[in-house]
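Paired with chain B in one complex and with chain C in the other, chain A is shared by the two complexes that follow.
Our next item is the complex of A and B:
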C-alpha cells in the first residue's frame, strides 16, 4: 500500500523533529535551544515541500486531499473540525511566541575540549602529546608497588575530590548539585575511558580556568589543582580513578 | 529417588521462606571485607575506626564502627545493637546532608548484606534481643499537631529551637568531641533517615546514639513522653517542613517583579512573602585559597522586587547562631573565635550579551565583578555595608557603597537571617557598577559566613552563578495579538469555503 503524498510529507517532518530532539537530549545531553530548532525545522519544511511538489503530478497529489476537504460534501464533519483546530493552533502558537519566557538561557558547552599542545605547571613545561604517567609502568613491573601508589591516589581523592565527583566516583558528591556544570561522572564509560592520562593531567592541574573558551572556563568549579597538589599526587590520583572504576586509559597506540 | 530430591528441594524452600531473625546470616563477612577494603576504608578507616583519609575533612565524621554505636536504629534505647535491617538501610539509602552516599545503585543486595555481616564484627555486635515498639500510630490531625507543638516547646526547643530550625542555645558535641548541629526540621532533605513520622518516632524513642539527642522513652528521664505523645510530636515535626526552602535543580532564576511605588526595604516587610522565592544550595568554598570543609549552613533563599528607580533583593538563610564579635553569648557557643555573620551577592559589572561571563570565583581581568557585602558588625555597633570590585579571588578593591546608593539591613529572628540589599537600577559609574536592565538575564551568585562556625575570609559557603531577571511587565498585547491571528485564519477559511462554493455552483 502506498501512503498518500501529503501524509508522507507530514511524517517526514515529524520524524526529523523527533530526531533533532533525541540527538540533543540523549546524544548531547542538552535540550535543543528553541531558536535553533525553529530555524532547522523551517529548512526541513521548505525542503520537503520542494521535493514533494517537484512535478505537477506530485503537486496535485499533495494538494488533492486539502482541496477535497473543502469541496467534497461528504467530508463535512472533518472539515468543520479542522477549520476550528487550525485557528486555535495559530492563536496558541502566536501566544507562546509572544509570552515572555522566564526560563534561564541554555548554555551549550564542549565537555571534552581539545587540549593544548603543551602546558606549564610546577615550574616546567609539558609536551602533552608525549606526556605519560610515570607510575603506569609499575602496573606490570611491580604490582605490589602499583597497589600502594593507587592507595595513595585514593587518599588524595578522598581528601579533595569526593565532595563533587562523589564517594563512588559517579559525579554525585555531597555538593555536586550546587555546581553547574555538574561534576564529571568517572563511572560513565564516556568519560575517562575515552581519554589519555596526559589529558587528565592537564585538566586536573589547570582546572576550570585552564579550559578553552568553548568549554566555558568561567563556569567550571574545578579547582586549579597545581595550587594544592604536587605533580606526583596528580599522577597517583589518576591511577586511582582508573583503578576504582575498572577502566583503562586510552593509550597512544590505540590512538 | 526422584521423589526424594523433590522433597529435599521443597524442604529447603520452606527453610529459606521462614523469617530469618538475623539477616546477616545471609551475609558473608569475608566477601564484605573485600568490598569494604575497596569502597569504605577511605572514610571509615582500615580498622573501622572512622579514621580514613577523608575523616578530618568532613563533618559529620564517618561512623566509628568499633564503637558499636549506630545513629539510626529501631531497637530500644537500652539495647546497644541495631537490627541488621537498620545497618542495611543506611548502607543502601545513605545519609543525606552528610558524605555517606547511598550504595544501592552500585552494590547488589547480597553485597550489602555481606557488608552488614562484616561491619558487625568490628564491635563484635550481638543480635539485638528487643525491638522498638511503635505502639499504635496516631494519624496526623490539627489536634494531634497542636498537642505535639506544646510538648515540642517543652522538650525539644532547648536544642532544636522554638521554630524547629535548630537554633543553638548550647554548644553540642558528640561522644568523639565533634561539633553536632541539631537537625533543622524545616528542611526535611537534611534528615539522615527521613522525616516520615515513623522515623521521627523512632529517633525520639531511641535517641541518636553517640550524640546529645536523648531518648524520650527512657522511664528514668524526667522528660519521658508516652507513646501517643511521641506520635503527636512526630506529627508536629512533619508539619514544620517548609517547601520554600527546597532546592530544585530546575530553579535557577531569581525573578524580580516590577511594582509601582515604594520597594520594601525592611527585611520583615510582609510584601516579601508575595514574591516568588528561589532557593539555592550553599556549598563550602573548596575551590581556591584557604579551603573550607565543615560548613553549617546549607541553603539560601532569595526574592526580589524592582520599580522604575531601584532594585531590592531579600536574602534569607537559616543560621543556628547569630554571631557578632564581642557578644559573650555568641562566644559561648562558638568554635574558637567569633567572627561576624555575613552575606554577599556578586554580579558581573557588565551584563554579558553572549554566553561568556566572568569566572565565578570573583571574576577575572577581562570580566570584573561587583560584590555587595553585608555583615552584622561588632556587638552593639552598627551593621556593615561594603561595595567591592574584584578581578579574581584575591584581587578586591573596596569602593564607596554610599556613593553608589547601596543600602543594606539585616534582622535575625529565631534561626533565620533576613538581609535586604537595595540599590538604584543605574548609578553614576557605569564602568564600575552593574547597570540593571529589565528583561535581561543577569548572572548572580551568593556567599554566606557563619561566624560561630569559624567562617571568615575565604572560609565560607557559596553558590555557583545563577540568574536574576527583572521581569518585564506583560502587556495586554500578549493576549490580543493571538486573538487577532486566530480571527484572520478563520476569515481566510471562510473566504476559501465561499470561493469553493461559487466554483461549484457556477
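Our next item is the complex of A and C:
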C-alpha cells in the first residue's frame, strides 16, 4: 500500500529526528545541542517540502489532504480538532520557550578570540604576527636536543598544567569538573592544531585576564603564567603540547 | 525624437554626476598636489617621511596619517553617521555589482546570438541591459551620496585616502564618464548598430564598456583592500612612500578582485532571474510566460555559473587574510565574527537548495524528465547532508546542562565538522550534486543516438562517484591526520576534482548528445509558479549574504580606519553585536530590494508604453 505523500513527508522528518536522538544521545552518548538540532531539523523540513513539491503531481498529492481538510464539508470534525490543536501546540511551544527556569541563559562565547598584534611580557614587547618558537628549529637541526626540550616541556606541564588539562591533555584533569566551561582538550583537532605557536604563547603567558574585550565575559580560569614560568618554560611546554598530541602548529611553511 | 531626448537627459545626468565625482575627488586631492608643490608646508606635520626623487636632489615629503580625536568627526545632532555611511556604501556596492555584471553577460549573450543567428538571444540581451539602465543611474546617485557622506562625516579619513590615491581617484572620475558614454551608446545604439559590420562595432563598444567597468571596480577595490592590508606607506606613521602603484597593489587587492568579479556575475544573474520571475508571474499570455521562463532559466544558469567557483575564490581571499594577519584571520573565522559565518553558511546552503529546486521544477518543461525525477530525493538527501555539515559550528551554543553532558565546549563527533576540511569537503560535494541536477535537467528532454551512450553514461557515473570518494578521502585524511599546512593545501586537489567532474561531464555530454533526438519540444512556460520563488530566494539570499559578508570584511579591521595605520577614534568605533549588525544589513537589504522592485516596475510601465505604440 502506497502511503499518502503528506504522511510520507511527516514520517521522513520524524524518522530523521529520532535517528539524530538515537545515534547521538543514546549510541554515542554525545547529544546534539538543542540550538544545533533546531537548525538541523529546520532544514530537514525545508528540504522535505522541496522534494515533495518538485513535480506538479507530487505537489498536488502533498497539498490534496490539506486542501480537503480546509474545504471538504465532510471533514468538519477533524478540521475542528486540528484547528484547536494547532494553536494549542503553538501556545505550548511558546510557553516552553519563555517559561522561567533556574538554568543560566545560553550564551555565545568566543573560545578562540583573536590575539592582539603585540603583547608585553618578561620586560619586552612581542610582535605576535612574527613571533616564532625559538626551539622549533631543533626539530630538524638537532632531534636529540629537541627531544630533551620536549621532555623538559613535559615536566613543566605535569608540574603546572595537568591538574586542569589532564594527564592525557584531554581537558579531563582532577579539577576540570570545577570549571565552567571545562578546560580545553588539546587532543581535539579543532584546538591547538588550528593555531600558530605565537597564539599559544600569548594565551599561556597572559592567561584569562589577557583575553581581549571581545571575549567577555571571558570565563577563563587560566592563570597568568608569565608570573610563574619563564619565557623558555612556556616555549618548551608548547613543544610538549604539540608533540604529545601528534599535532603540528599552524604555519605557512608549505605555501 | 524620444531617443534623442532620452539620451540627452541621461547624458546631462551623467555629466552632472561626473562633475560631482570629479569635483569631489579633485577637491580632496588638492592637498596632495599642494604637498608636492610646497614641501615646506608638508614639513609642518610631525614625523614626515622623505623620499628621494630622481637625482636625489629634490625631496618630496609626505605627511603622516592623521591622529584623530572625537572632535575631528563632525556630528549633526544625534544623527548616526556610521550607519548612514554603512548603508549607503552597501547600497552602492549592490547596485555597482549588478550594473558591472550585467554588461559582461549581455556581451556574451549578444555574441552568442550573433554566432548562432538566433534573434532570441539578441532580444534577451537587450532586455537584460534595459533592466540595468535605471540601476546605473541609481548607482551613480548613491555613489555621489556616499562621497558626500564621507566628506561631511569622515573628512580626515577621506582626505588621507585621497592623498594616497589622488591619481587613481581622478582616473576613476574620468573612467566613470567613459563608462557612462560607452553604456549609453551600447544601449541606445543597439538597434542602430544591427547587422553585418555594424554589429561588430556594437560588440566592440560592449567590450570597451566592460573593460572600463572592470578597471573602475579594480580601482575601488584598491581603496577598500588598502584599508585592510595597507601597503606603500610607512608602517609606523602611515606617511605615503611615493608610489601610488604600491598603495594600489596591496596584499589583499587581487584576492578581492577575483572574488568580486565572480560574485558580481553570480549576483547580476540572480537579480535578472528575479526580474524574469517577476515578469513571469505577472504574465498572462503563453508567449510571455515562455519568454520569461527562458529568461529566468538563462539568468539562473549565469548565477549558478558564478556561484559554483565562488566558494573557492572566497576561500582564497580568507586564506590570504589569514596569511596577512593571524589576528585578522582569527577575528574573522574563530573570534567575534565566527557566528556571522554560520549565518553565511546557512544562506549559501539556501542558495544551493534554491538552485537545485529551480532545476527540479524546470524538469516539468520536458516530457522525458520522468526518467530522472525519481532521483531527486536522493540528490536532495545528499545535498542536505552536506548542507548540515557546511553550517555546523565548531564552537557550540550550549546550555549548562548540555555543556556538562558533552564534557566541554566542543562536540566529540560534530566538533570536527566545524573546521575547514569538513566545510571544503561538504561544499565541493554540494557543487558536484548541483551540477548533477543541472546535467539531469539538460538531458531530460534528449535521447542520445550514439552507439556508446550507455557506456558514456556509465563513465560519467563513475566520474561522479570517484570524485565524491576522492573529495571525502582528501578531506578526511589531509584534514584530520596531517598538520595545518597540508590541511589547507588539500583544498586545491579537492577543487581540482570538482573541476574535473564538470569539465569531463560537459565534454562527454557534448559528444554523446550530438545529433540527439528530442523527446518532445521543450514546453517553455510550463513550470509551476513556486519555481519562480526559488529565483526570488536566490536574489534575496545573495543580497543579504553580500551585505553580511561586506560587513565582516570591513568589520575585521575593528577600531581602525586603515588597519594598524589610522585609528578610528569616533564615538562609533566599536564592533557591533551580531544582532545589531544583522539588523543594519537587513534594513539596507530591504531598502535595496524596494528600489529594485521600483526598477522592475519602471521597466514594466516602459514595456506597456512600447506595446501600446
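Just so it is clear, the second predicted complex is superposed on the first by the 164 of 255 C-alpha atoms of A that agree within 3 Å, B and C clash if a C-alpha of one lies under 4 Å from a C-alpha of the other, contacts with A are read in each partner's own complex, and residues count from 1 in each chain.
Definition applied: contacts are C-beta pairs under 8 Å (C-beta built on N, C-alpha and C of every residue); 3 or more make two chains touch, one makes a residue touch a chain.
Bear in mind the structure is a predicted one, so any value in this text is a computation, not a measurement.
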Contacts of A:104 with chain B and chain C, given as first, second, both or neither: both
First (chain B), second (chain C), both or neither touched by A:71: first
Which of chain B and chain C A:92 touches, first, second, both or neither: first
Which of chain B and chain C A:163 touches, first, second, both or neither: first
First, second, both or neither for A:219, with chain B first and chain C second: first
Touching partner for A:180 - first (chain B), second (chain C), both, neither: both
Contacts of A:172 with chain B and chain C, given as first, second, both or neither: both
First, second, both or neither for A:227, with chain B first and chain C second: first
Residues of chain A that lie at the interface with chain B and also at the interface with chain C: 103-104, 107-108, 172, 180
Residue numbers on chain A that touch chain B, as the complex places them: 70-71, 83, 86-88, 90-92, 94-95, 98-100, 102-105, 107-108, 154-155, 157-159, 162-164, 166-168, 170, 172-175, 177-180, 208-209, 213, 216-219, 221, 223-224, 227-228, 244
Complex contacts: residues of chain C adjacent to chain A: 323, 325-328, 330-331, 334-336, 338-339, 346, 349, 353, 356-357, 360-361, 363-364, 373, 376-377, 380-381, 383-384, 387-388, 391-416, 418-419, 480, 483-486, 488-489, 528, 530, 564, 575, 578
In the complex with chain C, residue positions of chain A that touch it: 24, 28, 30-36, 39-40, 43-44, 46-47, 50-51, 53-56, 59, 103-104, 106-117, 128-129, 171-172, 180-182, 184-185, 188-191, 193-194, 196, 198-199, 214-215, 247-255
In the complex with chain A, residue positions of chain B that touch it: 38-39, 42-43, 52-54, 57, 97-101, 103, 105-106, 247, 249, 252-253, 255, 280-284, 286-288, 291, 293, 355-360, 364, 367, 439, 441, 463-465, 467, 469, 471-472, 474, 477-479, 481-483, 485-487, 489-490, 493, 496-497, 500, 503-504
